[in-house]
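Each of the next two complexes has chain A plus one more chain, namely chain B in the first and chain C in the second.
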Partner chain A sequence: MSSIIDIIGTSEFWYSVIRVTTPILFAALGALISDSAGVINIALEGSMLWSAFAGVVFSAWFDSAWIGLLAAIIIGGLVGLMLAYFALNLKTDIILSAIALNLMAAGGTIFLLFVVSGDRGISSSLDSRVLPKLFTGLADNVPIIGPVIFGHNVLTYVAFVLVFVTWFFMFKTPMGLRLRAVGENFHAADSVGISVKKIQYQALVLSGIMAGLGGAFMSMGYVSWFSQNMTAGRGFIALAAKAMGGVSPIGTMIASLFFGFASALANYEAEISVPAEFVKMIPYIFTIVGLVVYASKKQSDVKRARQKQAEAATSSKGGE
Partner chain B sequence: MKKYISLLLVLMLALSFGLTGCAGSDEPAPVTETDVTKVVLLINGNLGDRSFFDSAEVGFNQLVEDYAGKVEVKIIEMGFDNSKWEPGLIDASEAGYDVIVVGTWQMQELLEDIAPQYPDNNYIIFDTVANPEITNVYSMVYKQNECAFLAGAVAASVAGNEPIGFLGGMDILVINDFLVGYIEGAQSVNPDVQVKISYIGDFNDSAKGKEMALAQYQSGVAIGFNVAGQAGLGQIDAAAEVNKLAIGVDSDQEALFRDMGEDAKADLIATSALKEVGNSLYRAIEMHMDGTLVYGEAEALGLAEGAVGYVKSQWIIDNGYADMVDELVVKIAAGDIVVSSANGLTTEELTTLRDAVK
Partner chain C sequence: MIKKLDRLRRFEMIRTLAAVGLALGIAFLLILFTSEQPIDALRAFILGPISKFRYFGNVLELMIPLLFTGLAVSVMFSANQFNLISEGAFFVGALGSSWIATNFLLPAGIHPVVGILVAGLIGAVVAMIPAILKLKWNADVLVSSLMLNYILMFLGFYFLNYHLRDPQAGDMASFKFPDSARLMKILPGTRVHIGLIVAILAVILIYLFMFKTRWGYEIRMVGKNESFAKYSGMNVFRVIIVSQMVGGFLAGLGGGIEMLGMYTRFKYKTLPGFGWDGVIVAILAKNNPALVPVGAFFLAYLRIGADIMSRSTDVSSQLVGIIQGVVIILVAAEHFMSKRKNRIIYEESMADLSAVKEAK
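Our next item is the complex of A and B:
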């Protein structure tokens, strides 16, 4: 047990928590946006994978990490757009279409990787670029928190800034209001002249872009190559983080950090003197506990709301 | 317009499914009777893995070059869709090849089903052992513990009194066989060596591999050994971040990173422990042609047969470890050093071993 405390006491550990959280946070914000508009996007994994791939390929072709990033964003958004077209125009089941897109990403990225580079497992012949780290100088100069919050990849800062941008977008802009209205009750939204389809299109594209940023981080920040299925389920973990975080971007961020913390801790299994199998369970136990807490809180909220309603009903009857 | 877009999308979907597995639908070439030995290699996956299958291809190319006119080799990539593997194997079995080669544990059960149905065919399977009652299958496994021994000896020599790292893909027999050899090799140099052991849990997630390797390096590990396929490459990234050393596996990972244009990372790869699948297949087909290959048998091939090895990298030579490692190779090949295997170890014994070096 003392070894766990030793680990948690190091700045390297917290630095690693933030890094582990970054791709999950991007995708979780994407999930939040699409869920808020009433369309579930489980193609986040596919968006991430395509973007991770596009980032590597375009950064190698144009010799610029920024063009790679741009391509990753565009491709991520395109996957969202495809899902929207399938689900909203062609009226397919959104879950099934998303599964198809995920499968297509797993096979398609490897196929295209072979076409463009001749590699089939890992992008070894592509001389790709990585996105820069920021504030590396500050890391050593600011005591205690310096090494934790400085020196991260530029996309890590983007992710955390996006939490607040998303919050502002969802709760302070007319577009965000419409988005939430569509998610809450699309009949009502429709009746006041909001184009439900348009809003849902926008939400899915936006969520694809978010996941795309996460994918770019995977292949141009976390590591410096693309390899087959490298996102390894982070798009799905993000869905769990979103479910834990409720309807607010801040909650999503906290849930993602929570998950990042658990994953980072599990990575220290060699240091922790409990069986490795147990350590590997930590992130999933955290998720289940989080979901239970979230569900029970929701249930009690519903109960309270019902109680209030009942009270209001009786008091209004009494007033008659 | 809408129609065309949807048609296009459907086509794209179909293509991406079809093309990834297209190699599997290759029609086996009609085989005519001659005194040429016709060999087919069925790959359950694709070439370009920079490991097993690429090594097999290199071995076969060498064979075809050395025995020009006597051997023909066809390589069929069946893709990652395992529903295509069984028909692929049946097709090859009916096409009249002299030897049909498959590899990895994923093909074992299929081969055990199909081989008895074609008693006149000869099959070779590598990296796993088929049921010995099937008399037309020759199985080869690799003594990965022997090449891991070399890695362990190098790691412990480099580390001095600092701990060394082991980053495995999964807690499974093959990986643990590496581990056992690695620990013994390290102990042969430093009996009190401390080994930090982590398992990633899969073979794809290189980001997680990087995290786990960083955790090891940060806890004082001087040099790590990754045995986790692509996920293990994360260790090299981690090594570059903290400027420490790493040891690769299966293929020459230093060359891999040089290809990627990342010389700084390649410089940190001391050596790689190799499974020389190509050499072992070359040897097996050669023996088949001589009539000395015994079907129905299983062999474990190691340093003596050239089926495992290590990369004599510039780093190894520059740092003066080449003589030491070569000496170990000779001793192991001659049987003077017998490396233990995870084969036959119980879970408890393995745990005891791991705890002993914690």
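Our next item is the complex of A and C:
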């Protein structure tokens, strides 16, 4: 137990918490946007994987990490667009469509990797670029928190800034209002002239782009290569983080950090005197517990609201 | 009325075939554009599995786990629960049967039977968990079952590492299964084992269960309209739990049978993916147990064909992933070829209407 406390006391640990939170946070913000518009995006995993792949390939081809990032963003959005087309135009069940897109991503990236580079399973022959780290100089100069919050990949800062951008977008712009209106009650939104389909299209594309940024971070920041299934379920963990975080981006961020904390701890398995398997299980157990707590809280909130309504109805009747 | 249903059902079949054809067409185009030897690649892909008896045996071998997880997912999805636990249930089933195989001494005929039954029971128990979380606390089944799969995987590796691991094996693997625990081979020249017969029996039994018993009727009703089922007096809670347990039992059974039929030690390094494959099979079969063998055969044939192709030519076997995705989307797409479907419904209805008018 003392070893765990020792680990948590180090600044390297908290640095790694922020680092492993980054891809989860991107995808969770994506999940938040699409869920707010009433469309669940389980293809986040596929978006991330395609983007991680595109980032590596394009940054190697054009010798520029920024072009890799741009390609990753576009590809992530395209996967969202495809999901929207399948689900909203072809009327395929949105969960099945997303499962199909994830399968295609898992197989398609490896297939194309072999086509473009001849590599099997890992991009060892592609000379890809990584995105720069920011504020590295400040890390050593600011005491205690310096090494924790400085010197991260540029996308890590983008992720945390996006939390506030998403909040502003959702709650302070007309488009965010329309988005939430569609998610809340699409019949009502439709009746006041909002195009439900258009809004849901936009939401899915935006959420794909968010996941795409997470994918770019995976292959051009977290590590510097692409490998088979490298996202390893982060798109799904993001769904859980969203479910736990509720309807606000701040909540999503806190939940994502929570998962980041558990994953970071699992990376220190060697120093903890618990079997490694149990440490690796922690994020997933937290996810289920968080999901249950959030869902049951929501359920009891709804019950309480109904009860109140019923009481109000009876008391007003009594007054007549 | 009966004629109309027949015509619609035939149309659904044609639609599925069209989707499969389109997906294969895309695959062929991809091969043409990316391969230096497209003709050889195509030939290996399409004809490879029937070019040698042993290769066809591979298709049958691969069909066995797909039949079990395909059935499992069909039953679970029939109750409208997107429970993906079949992946984890298959894994712990495989592990459970390995435990029985290596830690108990039983007579040859009984040993594998106990092994696969224990596998099924473990599968049934774990499959209940996401359903209970959903029914009690309204936690999303899809997300919780996905997370549970990872938990089961790590729990399984812990169990393997500390209880079943053979220190002599070099790699992380269990002790060797004694011959008494292994399943009998039934086709000389291949590794096809008696599990195939169990699988076929399971298909028949699950078909009867779903379409000829009250339980199956209730599961399908709950899946179609939960509120309606509730108001007509069904115990929705119980029906959902039963459906998920049956599904989990099938997936676990599949894991046990695969392990004792095809392996001499437990040596999975990750989740084997048969649960996800079960989703594909169930979609192809439209959750109908009677059609699960068709879906399983198709998928197994594709996989083995792609495998042969990647071994003999320059095309990666991962191409199958793309084919699978396209097939799922088109088969599950309500609007794919919907104009034709609507025309059939319209024509049949008009025919009915004129028949009624004439009768008057």
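Everything below uses one rule, namely that the second predicted complex is superposed on the first by the 320 of 320 C-alpha atoms of A that agree within 3 Å, B and C clash if a C-alpha of one lies under 4 Å from a C-alpha of the other, contacts with A are read in each partner's own complex, and residues count from 1 in each chain.
Convention: a contact is a pair of C-beta atoms (placed from the backbone, for glycine too) under 8 Å apart; a residue touches a chain by one contact, two chains touch by 3 or more.
From a predicted model like this one, the values you see are computed outputs, not experimental measurements.
Annotation for the three-chain superposition on chain A: chain B and chain C clash. Once the two complexes are overlaid on the shared chain, A:L90 sits against chain B and chain C alike. Of the two partner chains, neither chain B nor chain C is touched by A:T136.
Applying the stated contact rule after C-alpha superposition, one finds that A:I42 touches chain C and leaves chain B untouched. Of the two partner chains, chain C is the only one touched by A:Q299; chain B is not. Once chain A of one complex is fitted onto chain A of the other, the partner contacts of A:I99 are limited to chain C, with no touch recorded for chain B. Of the two partner chains, neither chain B nor chain C is touched by A:Q309.
Once the two complexes are overlaid on the shared chain, A:T287 sits against chain C while remaining clear of chain B. Shared-chain residue A:F236: touches chain C; no touch with chain B.
Applying the stated contact rule after C-alpha superposition, one finds that A:Y222 touches chain B and leaves chain C untouched.
Of 60-68, 132-140, 150-158 or 168-176, the segment of chain B running into chain C after the two structures are fitted on chain A is 168-176.
Contacts of chain A with chain B, set against its contacts with chain C after fitting on chain A, overlap at residues 86, 89-90, 100, 103-104, 107-108, 110-111, 114, 120, 277, 280.
Listed in rising order, the residues of chain B touching chain A in the complex are 2, 5-6, 9, 12-13, 16-17, 19-21, 46-51, 80, 165, 171, 196-199, 201-202, 204-208, 210-212, 214-216, 218-219, 230, 233-234, 237, 256, 259-262, 358.
Against chain C, the residues of chain A that register as touching in their complex are 42, 86, 89-93, 95-97, 99-101, 103-108, 110-111, 114-115, 120, 233, 236-237, 239-240, 243, 275, 277-278, 280-281, 284-285, 287-288, 291-292, 295-296, 298-299. Residues 10, 12, 16, 19-20, 23, 82, 85-86, 89-90, 100, 103-104, 107-108, 110-111, 114, 118-128, 218, 222-225, 227-230, 232, 263-264, 267-271, 273, 276-277, 280 of chain A are the ones touching chain B in the complex. For chain C in complex with chain A, the residues that touch the partner chain are 30, 34, 82, 133, 136-140, 142-144, 146-148, 150-151, 154-155, 157-158, 161-162, 276, 279-280, 283, 316, 318-322, 324-326, 328-330, 332-336.
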